[in-house]
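The same chain A turns up in both complexes below, where it pairs with chain B and then with chain C.
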Partner chain A sequence: MKRILLLLAAIPACSFSAHAKINVVATLPDFGSLAREIGGDKINLVVLAKATEDPHFVDARPSFVVSLRNADVLIDGGAELELGWLPPLLQNARNPKIEIGKPGRVQASQGIRLMNVPANVTRAAGDVHALGNPHFTVDPIIAKAIAQHIAQSFSALDPADAAFYEANYKKFEATINAKLQEWGAAMSPFKGQQVVAYHDSWPYFAHRFGVNIDIFLEPKPGIPPSPSHLTEVIAQMKAQKVKAIIVEPFHDRRIAEKVASATGAKVVEFSQFPGGLPGTDSYVKLIDTLVSRLAAALK
Partner chain B sequence: MKKIILVTLAILPVAAVSAQEATPVASSSPTPAVSNSTPATAADVDALRQQVQSLTETVKALQQQVKDQQAALQKANLTGESGLPQNPEPSPIAAAETPPAPGASAPSSFPTEDTSVVSSTTAPPVSGTPAPGGFPTTDTSVVTSAAPETISSTGAGASLTQPITIGGGKNYMNISLDGLFALAYSSAKDLDHIEVGDHDPQQRGFNARNIELAFDGAVDPYFEGFANIVFKLDNDNETDVEVEEAFMQTTSLPFNLQLKAGQFFAAFGRLNPTHPHTWDFADTPLVNGLFLGPDGLRGVGAQTSWTLPLPWYSQLIFASQNGRGSTGFSFRNPGDDGMFFDRITTDREARGLQDFVWIPRWENSVDLSPTQVVLAGVSGAFGSNETGANSRTQIYGADLLYKWKSSHAEGGFPFVKWQTEFMYRRFQAGRGADESFPVAETFHDWGMYSQVLWGFRKGWVAGIRGDYVDMQDSNFTDDLDRQSRWRISANLTWYPTEFSKIRLQYNQDFLEENFFLSGRQVESVFLQWEFILGAHGAHKF
Partner chain C sequence: MWEVMFWPIVACVLLPWLLVYLGLHVVQRGIIFIDIAMAQMASLGICLAVLFHLDLQSWTTFGIALGFTLVGGAVFSVTGKRSSQIPQEAVIGISYVVAAAAAVLLLSRAAEGDEEIKNMLVGNILLVTPHEVWKCFALFVVVGVLHFIFRRSFLLVSFDRDGAYQKGLRVRWWDFLFYAVFGLVVTSFVRIAGVLLVFSYLIVPAVCGINLATRISRRLLIGWVIAWLGGIAGLFLSFWWDLPSGAAIVCTFGAILILISFIGLARHRGAR
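Let's look at the complex of A and B:
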């Protein structure tokens, strides 16, 4: 009984101490990483999806409801990537602070023109996103825009620290601008080269860094590779002398290895998310790793 | 549309003005033309100078006009559509616009042909200040006109260029159609007695027991609405229609409260509140079908739920329903032909609160690790039944779910899920409406099922389930539903995508002998298939 009383006493204490820091929930690790860049130690951050798992299919765990219920800010993609699991969580969280339109809701795709918006929405084309390709954060210029959104949201909710968030944004922006030179230089020798990916997660990366990533091991988005499709891919790869196959941590690497051994290409482990690869605990480190891995494979 | 009107309005005056201004220019032009043949005089030069001056002024005036119009347009666009809650400046547009590299000065260092990045010479090379003149870029990845407009409160933002789609978050309501079918073989001729659920295969051969239309959406800023209308074909291929669920619920009550009202499934245990197409097996567990009813425990009523302010997930749910008819199976159910457990039922109006079904539930969940979740709940359902004037029913339930999912899951696979439900029912069977039955009895029945699902590779799930129901022996009724029995089931399901599935299931049923009924063993095989059209049904945990 005493324990329960203690626990009950602890509840208001928890909510009081929460005043000091903004409770931020990010659906995906890339948004989480940007939130950390801006918020530093002035936020409590909870990231729902794991960096190594398929972001389309995350379990709507009850514990996520608790995180969302306590959130001051929710950062989500807003482009249907989390469509399979976020809506029921929000329904259960019943948190008006993170409703769309409130300063506590940052939809990362806001103001971003998405690529590959399908003219016709049909599931015969596989797991196509009606609003366009939602894997946009791997473009550093888009990441800057998202970071700015986040800074605006944090500043609105915590005006006292607005200068801090703004300064962090400026710092992040400057870092990205400087890094873009470096990344651009590293990728420039491979301009126009064809790269194969397991899933169509890389149009923004390809666009930014000048490579072509439009052959996929999946015959259609979300549909597992079939032998006949792989035969076709192998023929295309040989014809175009493709040197690299991009796989993400949750993809079946063995399939990529098979294709690689048939074509002489290298399998390159990629991740959309900071933390998805070793040594990538920040956004900049992630792009560093992606660029250096791809450049090494294309040499 | 708005834009088109604005653009038209902007262009019209410009055109009109330029037409007016063009006139004096044209009238003054003959002079130099005439003097072309003669040598240039000072007067000629003066005339020319004046002409050039007037032309320059005209051009300036036009430029200014165009600029003004553009500014007005820009302003209208931005203020009209900006969804950014606070501080729209410096806008993300500018951030996205800002060239990442000083394209002009160091063109070789950053290999892009992106016009927004390279060719913009007016903007300062690296800074956060907005680029003047809006966003004249063609870079499809970066550009931004305004915040996306959203209609659905739960749906995602939609871009303005999108066509209206069903299920794309651009409409007021999500619609989906789900078709669930089965081809059944059974060693029993009366498969409809062996299978205890109304949506289970009911006859040898083909079955279409669950064709479901589902609607949901935000009603307004305060409510969400849901409806599931089920069509099913009976064994004579006649169509039955069920309003399985139709309810509204609040979205913005304070203190983590939620109210729900309408026709809905009772939140009793894990399986009861869910729709058949989400089930992991082709049929209902025995205990659900025999205690909560073939259609599950559902009815017209109201429910309130409260998530407790605790560090872990803990929710209290409390509902009240009429509990009348076959969807209130163990409660105010008149039964088939006015009989239940061989008693003539009363089928009366509610006399007071005691005749409603009261359904409390408390569920808790914790994450054991980043890959493991446990959810445990206890439920109850209390009300009266129709077998006597003061006969009452109590059902108690406990449920446990454990799930492991790989930290490198693709499409949600691989995973292992273990789910168990236990129920105990105390049923006071009276002597019937006219006291014609020889005795009143109190049945203490219990049952449970336990199932393990293993998603061993993307799209593939193997499952095994054990079922047991213990019905207290009665020497006074030979009701088929009072036979103790157990079942073992195994299945294999292939999900080509999350919108279709094909399942093969084997059932072995053992019905225990009692005073009236002989024991028997039944084997059944089901081939089940399903399709989903329309809105992506999000997966509840």
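Let's look at the complex of A and C:
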């Protein structure tokens, strides 16, 4: 018993002192993947949510509290997406290094103009996030801003390697800039086309790539589809000849398939998170996959 | 480890004693799913509060939730007839499904995202705060004292209903009091530990006790030991293997129950 306790106590201690890596915790896999781009092998990275998990609901495990307690940097969305599960974890971890305002806390939404900020927050509108839509990382230009923010944080905490982080950011920025041309070209034939999504997670993606994603299978965010709403969606889809329905791994695919078979549209599996689809272990590969899947469905 | 697991362990030491005791009543009465039905009633009350845009942490919301459990208690005490064709468990089951379905309907109108309600209803023992533990403990002490003062009547009504009627006890009223207090205990513990854990703490130690002993005091003692063992062992396992804590405790209880059943069986054989 005692030996196991000692062993457990030793794990975080030795990993820190031996390599002096920064301990980074990311709430969601998209932030984790950006942290990896910037930090490379100079960080220990823990990502709390799984890529296939609904980011609104994440089951806490003891290691989450331990990771947050040992973290030098915490990267979270800062826009209430993790509202249901992060605050109690932070309360238990009581780690002053990752408090809001410290260099060890990166709130991805900082400095980003969020879309669909509700004029007045009322519960009647559904599971609306008061600060605006929090699913912003799928816009590559926003991802660049988050990556820069992460690089600044890492440099502040580990000035010796600041040049390394800065170089990684520049590399990421250049990749995204080049890719944006490619993605834009792939999506340009479908400008203005209507796409249906299960949940309102895609306004940033739609805005960036020029499609409209403003019909949803959910009547209101977080509320399960009702028969009358689905009937209305099917009618709208037929009128506008919609070709694609976007679902994420944690949504009920059968509902999307039912609507698809009623309208002749295709169900397209999407994910906001690197790792949520096969072959998407980095951010760039994820956007590659999303763009090519959507383009194939809209053709 | 202690920094993370200290308060969960405190909760698992300080709180289950009352649940084990109430569990003996529940198992004896054969109303195993009463806790889940009661918790669902309370959540229906909270859904109503959501519909009227009340603050979920306020006393009004708590009052509404409590009111719904009282209604549940009244229903169960009226339907628990002395000799009825319809088993009490059927009424409990029906109350559960109707309350659950009504909650779905209310939420579809209220249009609240269900995160907050889920949080409100289903606690996570890993993330329990000292404040919650002490509040719940204080309530349990009050309820425990009440049950201790009126132990004769409560026990008679649960364990010997015919005797209770013969002695001229107002069984319905005692039933109602039992259910009302029970509802209060269950709803407050569900908010700390979740539905699965409440159910296990009520039923598993009681069943183990009944398996191994006949006197109520001995059953209670066995139940307490098992509740403490299972809770603390489950928390340790959850830490070592990094598992969701509530589910780890429940499975530990399952394993303990299987072990105890074998012991009971062996003893039974030996006695023959």
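By our rule, the second predicted complex is superposed on the first by the 283 of 299 C-alpha atoms of A that agree within 3 Å, B and C clash if a C-alpha of one lies under 4 Å from a C-alpha of the other, contacts with A are read in each partner's own complex, and residues count from 1 in each chain.
The working rule: contacts are C-beta pairs under 8 Å (C-beta built on N, C-alpha and C of every residue); 3 or more make two chains touch, one makes a residue touch a chain.
The structure displayed is predicted, hence computed values, not measured ones.
S.K.: Please determine, from the superposition on chain A, whether chain B and chain C clash or fit.
M.R.: Clash - chain B and chain C, as placed by superposing on chain A, overlap.
S.K.: Which partner chains sit in contact with A:Phe136 here, chain B, chain C, both or neither? Use first/second/both/neither.
M.R.: In the superposition, A:Phe136 contacts chain B only.
S.K.: So, A:Pro278: does it touch chain B (first), chain C (second), both, or neither?
M.R.: Touch partners of A:Pro278: none, neither chain B nor chain C.
S.K.: Taking the superposition on A as described, I'd like to know which of chain B and chain C A:Pro88 touches: first, second, both or neither.
M.R.: A:Pro88 contacts both chain B and chain C.
S.K.: Check whether A:Pro227 is in contact with chain B, with chain C, with both or with neither, and answer first, second, both or neither.
M.R.: neither
S.K.: Would you sort A:Arg113 into first (chain B), second (chain C), both or neither based on which partner it touches?
M.R.: first
S.K.: According to the stated criteria, A:Lys191 is in contact with first (chain B), second (chain C), both, or neither; which is it?
M.R.: In the superposition, A:Lys191 contacts chain B only.
S.K.: Based on the superposed arrangement, let me know which partner A:Val66 touches: chain B (first), chain C (second), both, or neither?
M.R.: A:Val66: touches chain B and chain C.
S.K.: If you tally the residues of chain A touched by each partner, is the higher count for chain B or for chain C?
M.R.: B
S.K.: Under the contact rule defined above, give the chain A residues that sit at the interface with chain B and also at the interface with chain C.
M.R.: Correct list for chain A: 56-57, 59-63, 65-66, 69, 83-84, 88, 91-92, 123, 126-127, 222-224.
S.K.: Please give the residue numbers of chain A that touch chain C in the complex, ascending.
M.R.: 4-5, 8-9, 56-57, 59-63, 65-66, 69, 83-84, 88-89, 91-92, 122-128, 219-224, 226
S.K.: Name, in rising order, each residue of chain A that touches chain B in their complex.
M.R.: Residues in contact with chain B: 7, 11, 14-15, 50, 52-54, 56-57, 59-63, 65-66, 69, 77-80, 83-88, 90-92, 94, 96, 99-103, 107, 109-115, 117, 121, 123, 126-127, 130-132, 136, 139-142, 144-145, 148-149, 152-153, 155-156, 169-170, 173-174, 176-177, 180-181, 184-185, 187-188, 191, 203-204, 207-210, 222-224, 249-252.
S.K.: Taking the touch rule as given, give the residues of chain B at its contact with chain A in the complex, in rising order.
M.R.: 83-87, 90-93, 95-96, 98, 100-101, 106, 108-112, 114, 117, 126, 128, 139-148, 150, 153-159, 161-163, 165, 167-170, 224, 251-253, 256-258, 307, 309-313, 363, 365-367, 370, 373, 375, 403, 405-412, 458-459, 496-499, 536, 538-541
S.K.: Quick one: in the complex, what on chain C touches chain A?
M.R.: 1, 3-5, 7, 50, 53, 107-108, 110-116, 118-119, 124, 126-127, 129, 238-240, 242-245
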